[in-house]
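Okay, so chain A shows up in both of these, paired with chain B first and chain C after.
Up next is the complex of A and B:
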């Protein structure tokens, strides 16, 4: 049970490499926060600074209102689950879970009680006397979680805990994690590069890029109102279509370098001639019933996923890639041209240079 | 993936391994056989005649209190050398593993003693510890310790133990450092989060995970102390005073070349060979498997 306050945290290594800078966030008690971003964006560094495994070079970290910058990892009342599980290979599952509790000096009876409870929750009862190498990947990861749970820490930290598992197991454990968070009611901070994991687990997402925070918000905030072009393209699969062009003279059309201008309903923000990127998600495009289509897609290839069909191609007459996600099973031949429509509310505009979101004034 | 090479001609592969086989036969099997054979004979000092005596050489050895004392000395010597060399090198390796800058230089410097020839190592220590002119002996005198390994058998043994261990530290250090570096960092981090301080982490995580390395080095060090320290002892104490540093290998030399009792010397060599074989067996049997986990 804890609140965390990240105040302008930064990490610069002795060699001069800056892994993260100016990361601020307030994490409230019992919240499930996911740090997400591409590899090398600094998300793991942030987690390791919270854990105390990396020194904090700038800024301040508070747990429950008190500064913990200089506290040892063991003194921060946190538990961490590592990507490679980090189970002690020479100890049985039971010994692995006991280790932290023994170091705390907890009475034996209490240790036994906590372990049997954790083993029950994580369905590890039959494996307590096995060594880690005798377990499957999923079981190992559950042991790693067990080792964290028995400690009853204020904050749980997860460093890409599912990325070494296969897809099916990942989905299963994801659900277990969500249930675990619900049951424990503790603060969870979770690092992943997988946006699906982030969307499905998080109460709030901190999305990072190149050592900086791009946006902090609920999954739906990020999906519906991405603050930057980076967020827009990172969240959602397949990722958002981006059409780069200039704002036309009437501020209601977008002209492309090599395609007929696209007319939009409503006034565009910004000034005439400004370079912008127009984003629209593949699932927000649909086949136009008649010839009233706004964009024509010339089909290159089709991905049949069963539940839906993703058609990849380019804007007709231009080399701008475009994808559309259509419901159900559909057949479209390569080379055909599909007229597409969209609802104006589903458009996102970004400044082409800064990547910042521009608000569309609905007309 | 193992790639198998197939030879078309049958003689070529044999031809290729022939040099190795010849070397092994001439330099290892032949002398070994000679030793084994000689151990059943009593030979006169000039090699003109010999007499078959069966196991009498062996029987006499085990009835000889001097030989049994050598066994004890060897055991004390070997275990002390192994303990000292392992302890020191582990300490150095742990320290080196923490050093981030100049680690390469540090490592290279620590490897140097290994390149020193055993006899030379002996001489270095001989000079350092010499009661009349050695600097360390002088310091010891300043501390009130009267050092004279020509008279005091325990001090003589201590001298050869230190000299032998010093030479082995580099070798052990390299293995320990490699072992330490192969322990995943996240394990140590997990232990730190589990509230284990640095010392507790060392005893409960690092040391158990190093146990395969430690066991391997223990066997190697014992073999080294038992069989490879002849030159060192020969250069420093020559087995004395009063047999105090006469380990088994040294006794083989003494009996054979000084005492000219070839039969007994050969029998001692055979016993040593059996010991080496025993230790090699233990090593293959247990080191190849991972110890402890």
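Up next is the complex of A and C:
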């Protein structure tokens, strides 16, 4: 049980690479926070600074109100699960889980009790005397989780724990992790590059790009009101359509370089001629009845996913890529033009230069 | 390529058996010779089958030794050889694994300089530095001691290098997991690094034991006291003892006895070694 306070954390590696800068966040007790971002954006660096495996170059880290910058990993009351399991290969499953507790000097009876409970939770009872190499990937990762659970730490840290597993196991273990979080009620900090994993697990997501925090919020905050163009394109699959153009003279239309202007309902923020990016999610486009706002999509190819159909193409008459997600099974030939509609509330506007979100003034 | 043709089978087996016979013949001759009297070997034809003197020869060798070669019992020499080989083996393994640990896992000033210094000693085996080393040992008063016999042979760059390469293959996450599990540097070394290195240690043990057991030049230089003679030296002294003809039956008996401990080590450790190879850790 713990609250964490990340106060302008920054990390510059000895070689001069600045992997993270000015990362601030408050994580409350029992929260499941996911750090997400493309690979190389500094997620692991942040997590490792929290764990104490990496020194903190700038800023301050508090756990439960006290500064822990200079504490050893073993003294921070955290446990960590790694992508490649990091089990001690020469020790049995039981020994792997025992090791940290023995080093803490816990009495034998208590150790045995915690291990049998963790083994029950993780369905590892039959495997306690096996060596890690005799287990499958999913089982190994459960042992690694067991090793963390038995410590009963204040904070659980996970660094892409499911990335080495196949898709089916990943979904299974994701559910187990979520259940585990419910049962333990502990603070979880979880790193992944997979936005689906982030959306499905997190109470709150910290989304990072190039060492900086782009946005912190609930999955729905990020989905419905992305603060930057980066967030808008990172969250959701297929990713959000972006149409770059200039604000028209009437401040209600968007003019493109090589396509007829698009008229929008309501006033666009900003000044005439300003370059902006207009975003709309593929699932928020629909075949036009006669609702307001129309875009014509010329079809290039179609992905049939069963539950829905993703049609890829371009804005008719322009080379701007556009995708739409339609419910159910649908057939559309390459080359046909589909008239699409959208609800104005589902449009997102971003400044083309800074990437910041611009609020649409409803009209 | 796995083929199963009778003629090919026959040929390959014949070649293998010939090779084995060729390799084993000298050993066989040594065994046979050690069971004959002093004269049998200086006459032709040389006997190819055991004689009746085996018991007498070996009891004399083990208990009394040869008057002409100083009268040191072979049992005594075997013990000296064993002590020397074991001290060298354990010393080399201990020093090299600890120095490799320091070089791989600790950041200290001039770390790489130290590594290269250790590496350079590969170019300086005992034979090359024998005079200065002898001088140092003399001045330290270590002539005719077990310390003088073993310590100069212990420093080992090869083994350090081997352990370093192995440690570099251990993922960093394992070290980090141990840090989170509150294992300090000593705990990590004893609980994790040592057990993970056991195959490497077993392989080195075989090589180094034989290296130590077969030392010849160095013991010859630093020991004049008969109580410190080793088996390999003993054989040499028997062959060259005085004017009389070499006592081949005793020489061969000593050689046979001298072969036993390395064979035992190879057979015993090979099991562990092969087991380690088969159960490769992932």
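The working rule: the second predicted complex is superposed on the first by the 359 of 363 C-alpha atoms of A that agree within 3 Å, B and C clash if a C-alpha of one lies under 4 Å from a C-alpha of the other, contacts with A are read in each partner's own complex, and residues count from 1 in each chain.
The rule we apply is simple: contacts are C-beta pairs under 8 Å (C-beta built on N, C-alpha and C of every residue); 3 or more make two chains touch, one makes a residue touch a chain.
The shown structure was predicted, so the numbers you read here are calculated from the model rather than taken from an experiment.
Peer 1: Quick one: chain B and chain C on chain A, clash or fit?
Peer 2: Taken together on chain A, chain C would clash with chain B, as the superposition shows.
Peer 1: Is A:78 in contact with chain B, with chain C, with both, or with neither (first, second, both, neither)?
Peer 2: both
Peer 1: For A:104, using the defined touch cut-off, is the partner it touches chain B, chain C, both, or neither? Pick first, second, both or neither.
Peer 2: In the superposition, A:104 touches chain B and chain C alike.
Peer 1: Just checking: does A:90 make contact with chain B only, chain C only, both, or neither of them? Give me first, second, both or neither.
Peer 2: In the superposed model, A:90 contacts both chain B and chain C.
Peer 1: Is A:53 touching anything from chain B or chain C once the two structures are fitted on A? First, second, both or neither.
Peer 2: both
Peer 1: Please write out, lowest number first, the residues of chain A touched by both chain B and chain C across the two complexes.
Peer 2: 51-53, 72-74, 78-80, 82-84, 86, 88-90, 99-100, 103-104, 133, 147.
Peer 1: So in the complex, the part of chain C that touches chain A is made up of which residues?
Peer 2: Residues of chain C touching chain A: 171, 173-174, 176-183, 187, 191-192, 195-196, 198, 279, 281-282.
Peer 1: Any idea which chain B residues touch chain A in the complex?
Peer 2: Within the complex, chain B touches chain A at residues 184, 186-187, 189-197, 200, 204-205, 208-209, 211, 292-293.
Peer 1: Can you tell me which positions in chain A touch chain C when the two form their complex?
Peer 2: 51-53, 72-74, 78-80, 82-84, 86-90, 99-100, 103-104, 132-133, 147
Peer 1: For chain A, which residues are in contact with chain B within the complex?
Peer 2: Answer in residue numbers: 51-53, 72-75, 78-80, 82-84, 86, 88-90, 99-100, 103-104, 131, 133, 147, 151.
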